[in-house]
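Structures follow.
Look for chain A in each of the two complexes below; its partner is chain B in the first and chain C in the second.
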Partner chain A sequence: MKIKVSGWNLLLFICLLLSFFPLVWMISTTFKQADQIFSEFLNPLPRPFTWENISYVLNAVPMVRYFINSLIVAVLVTAFQLVTSILAAYSFTRFDFKGRQFLFYVVVASMLIPIQVTMLPNYLLISKLDWLNTYAGLVAPQLANGMGVFLLRQTFRTIPQSLYESAQVGGAAEWQILWRIAFPVVRPTVLALGVMFFINVWNEYFWPLLVINDKDMLTIPLALQLFINSEGGNSWGPMMAVGTLASLPPLIAFFIVNRQIVSSFISTGVKG
Partner chain B sequence: MQEPCDIRFSAVRKTFGAQTVIPSLDLEVRSGERLVLLGPSGCGKSTIMRLIAGLEQPVSGTIAMGGQIVNGLDASERNVSMVFQNYALYPHMTVFDNMAFSLKLRKVAKAEITRRIQEAAEKLELGSLLQRKPRELSGGQRQRVALGRAIVQQSSYFLLDEPLSNLDAQLRTNARNDLVELHKSYPRTMVYVTHDQVEAMTIGQRIAVLRQGELQQIGSPEDIYMRPANRFVAAFMGNPPMNIVPVTVGDQQVMFADGGELALPESVLSSLKRCGEQHVLLGIRPEALELWEGDRTVVKPFPPSIAIRGEFIRSEYLGAVVIHHIAVGQHRLLVSSAAPVQFKPHSNVTLTASCEHLHFFEAAGAEQRIPLTVQHLKPKNQPEQVLVMSGR
Partner chain C sequence: MNRMWRQVRPYAYILPALLPLLVFVYYPLVQSVQISFLEWNMVSPNPKWVGLANYRDLLASDEFWLSVKNTGFYAVFFLVTLFAAPFLAAFGVTRVNSRWSAFYKSALFAPTVLSLAVASILFLWLLNPVIGVVNHLLSLAGLPGVNWLSDPFWSKWAVSMAASWKLFGYNFIVLLAGLLAIPQELSESARVQGLRSSWGLMGRIVIPLMSGTLIYVFVTAIVVGIQSVFVPVEMLTGGGPNQATTNLVFLVYQYGFQFFKSGLASATAIVTFLAFLLLIVVQALVMDRRAYYEN
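So, the complex of A and B:
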């Protein structure tokens, strides 16, 4: 195969290196000994290879507990956001009700509001409910997602009206039409959204920082700061070990679902 | 069928926002018949079908099915099955699952589902395709799956919304026959929507012609073709279309706008005079006209006939028929014949037609048909031989 290297290819390659460098550096640092981290800063290969950063991290703080915390929050939020997005988007597509367009604009507008605007009222509400330092406090403000509603509505709209009507004439109730006809067709979008939601919540730093100060309730991104504060900011090995551990679940989730997303895209041959 | 499965629309009105699609419709579909709703796009025929299916609800008026008023009843409760123009097959299900879908919803026993699907598959030659997904099928196969899915439901009403419009011409001809045959084996009340008059004529036992949501005429294909109720039906049915020329009724003849005259038998003229209109429309189907070379007068007095002189322009050879363009004054008439002719362009020709094949319509208002009485027996002292002049 002949490969033609043009200026653009070179530029793209440099961009690729730049975007991969932090990731590679994080992973290699995880397995390097403390003295090798800066003496061989650019060398991606850890010599000697060591597990000591990982084992230090696992022993110094209740890492497994933080993992479970993060997982519970991420799974709950993702599940809720998907369910509410699907139901809302389906309603916006299928039912003709008064104020539908206005309501939809409100949902879209909600995407434009930054967290800094909602943070105080949300915090006060959660605190009044006595939900600080609880899963409920972490999950409750994120049960719906305007982006999900918007994207799914666009996808539902690509389904020909006659598909819904055919099921309706065939005797299907509305929830059956949604679950057995519409959902299988939009499944690739739902999976992609699910991964996106999961990664967003998993990486969330700001909101947990506000509502959690109980050490047992920390999520993984918050656990990272333990190493910055307590060790004076120079324990790069353990910090990168937390980082590597933290990026595993989203990466795994992405690779598992990635195949499904691709295959479901292929199998969704809505008649043209 | 034991119970009557007729459909009756009484003063049904349907609007979408400010737009009135069906002003007020009275229509009856007889139990077990094949009724075709025919009309140009936007005439409301699909809306009527959706009203029957329960996918739309009327603003006022009543719809009764099998004697029961069904206004407000949801589509799932109407015992109808429907074939959509784009087939609406569920893309993620196999052919078998597509056909089984609504049976499963209705809790039909598994063995019965399999039996019905196999029976339908055999009839529609889908046997080898049952495990395929819709995207692996050709257009014709998808269309048959959509039909099969409707058949297995064994509903009392069978609704088809332009089901053949996505097929190529050859397949469409076969599919038309298959549909008629299928209806013989499953004699349900069938409503078929199309804008294609050939489909309407071949499939319909009766045809309802619609225009802007109003019923123009309902009747057998022969009725609609031979005795169109108004100018719209006359012009819509038939290819090439009916020649329609405005004329003025005189004492012994009708006059064309450009000064030409057409002498008519007394019996026809008196029918025209009876209706009291002075300006009327004369319609003659292209195949009702005979083409002769040169100037000719009608020699046979029976049946009473007319002759029109004109100028040959050109012919279009279509294989089975040849369409000739004839200039008569400022009008252009079409004549169709089985055999080609060897006339020179601009040569004189004569068109003759039996008076039975003349149609007259009011020139104003609803352009209704004016009923004619053509006397077949020669009245005493009155030769029913006529001819014409036209400004050539």
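So, the complex of A and C:
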């Protein structure tokens, strides 16, 4: 028995190495000098510690501008997706109306349609609106999210009808019931979803690749491409520095709400 | 007035979510089908109606069948790295000391929050033939180095590894959720009745009881994996060397945005979509039969 348990430990340790090794090395290489990157690439400790890769990146490209671009898009999309998801999920659980089941399926089934099928028409529409290379062009196609409606509906359903009824008897308006009574119950899910949306948009590659070609409008994932030299001879220090900078916001967001994310996955994830 | 608002209100609450989905998901889906019947370069004012010619050309092209073959490779690869491996890891977490399991949960999930673009540049570096860590470790083990990104055979492995690294944690957590939902008493009573080995427990109790999650992750591993590998392919290999890393998703992008064959691109997109849909429908049917919907 004892041997078997440590067998699982060994397996997990290998998984841990494979998961963490690249991450740790990216961060440590960020703070290494060029000659150490070549001579001691297995040594995780930067000796001496240097900011030169970071400062190189900040000077070589308008990195701050890219950060702001990504931040604006991620915050806007997250806000829109949360608000539209909360309203729709609330309606689906609170009201009884004609076509409720059908409309719910329409919203949720949108998750099954991959971006490859919609990108060409959406690109044409965005370019007709003259929204290429704009925040509007990046944000517009993702104002709503079927996944958000689905997961929030699961959470809203845990609210007992009696809670609504007593609020109604007390004379509260529907709008107040939603924000004062129902919203506090679903707040942890909203927080976890918000972080998930933010991270997803921050990391998004495909749609920005199509809509953005103006150098000033790049988002962070597209900016990473600027550091790949297709002829070879990449400068690894700056490249890892840009990777570290790109990863900071999602990593920070993750560590702040780590527990909620993991546990909300565990409670809302598919069961059985 | 008040009465009318009561009638309309449920729809008014749904509209902000529904409208964008109709405009940016469902309507473009219909348009894609229309475009797939056209010969068009995206800018010309006079697209030509060609019926099913795009589908015929697609099925007759070598590129398409090469992409199908590569997509098959990716599907198998991701079933190993995004289905089998995270399942074993999740099962392992339930078998080790609980003090460690909390740590493993966060640590294995962490790479999932990073972007595929970051995963791509990381693996570009790890797999570099000269200063990459992977080849260095191979040489320590006495194995010859590999030109990961320029070798027609290994390049598929390289881009798949980058995508797997990013996606592993998500599937791990979903599978762990499925495992933790299995009532503790069942595993206990199995143990009392003499089922002591991990493999026995897995085969008799765990796999049958979480088959819904397993099917879900099986399909997600393939569909999400094939879509995600687009990023390392686009960033690191451009579909090469000599089309070795292309797949259906990348082919849609190439036809549409590099060769400006909008009709052919849409036909490829529709075919890919139907293949994914088939997988998802099979999954839904199997899950539905097992009555795992909570309603």
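The rule is simple: the second predicted complex is superposed on the first by the 243 of 272 C-alpha atoms of A that agree within 3 Å, B and C clash if a C-alpha of one lies under 4 Å from a C-alpha of the other, contacts with A are read in each partner's own complex, and residues count from 1 in each chain.
One rule holds in what follows: contacts are C-beta pairs under 8 Å (C-beta built on N, C-alpha and C of every residue); 3 or more make two chains touch, one makes a residue touch a chain.
Just so you know, these numbers come straight off a predicted model, no measurement behind them.
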Which of chain B and chain C A:Val75 touches, first, second, both or neither: neither
Comparing the two partners chain B and chain C, which touches a greater set of residues in chain A: C
First (chain B), second (chain C), both or neither touched by A:Val185: first
First (chain B), second (chain C), both or neither touched by A:Leu120: second
Touching partner for A:Leu58 - first (chain B), second (chain C), both, neither: neither
Which of chain B and chain C A:Ala140 touches, first, second, both or neither: second
Chain B versus chain C as contact partner of A:Ser166, first or second or both or neither: first
Common interface residues of chain A - those touching chain B in one complex and chain C in the other: 267, 269-271
Residues on chain B engaged by chain A in the complex (per definition of touch): 53-55, 74-76, 78, 80-82, 84-92, 101-102, 105-106, 133-135, 142, 149, 153
Chain A - residues contacting chain C, complex: 1, 4-5, 8-9, 11-12, 15-16, 18-20, 22-23, 25-26, 29, 37-38, 41-42, 83-85, 87-88, 90-92, 95, 97, 100, 103, 106-107, 110, 112-125, 140-146, 149, 174, 199, 202-206, 209-210, 220-222, 224-225, 227-228, 234, 236, 239-240, 242-243, 246-247, 250-251, 253-254, 258, 261-262, 265-267, 269-272
Residue ranges of chain A touching chain B (in the complex, touch as defined): 160, 162-163, 165-173, 176, 180-181, 184-185, 267-271
Interfacial residue positions of chain C with respect to chain A in the complex: 9-11, 13-14, 16-21, 24-29, 31-32, 35, 42, 85, 88-89, 91-93, 95-96, 100, 104-111, 113-126, 128, 131, 133, 136, 165, 168-169, 173-174, 176-178, 180-181, 196-198, 209-213, 216, 223, 227, 230-231, 234-236, 249, 252-253, 256-257, 262, 265-266, 269-270, 272-273, 276-277, 280, 287, 290, 292, 294
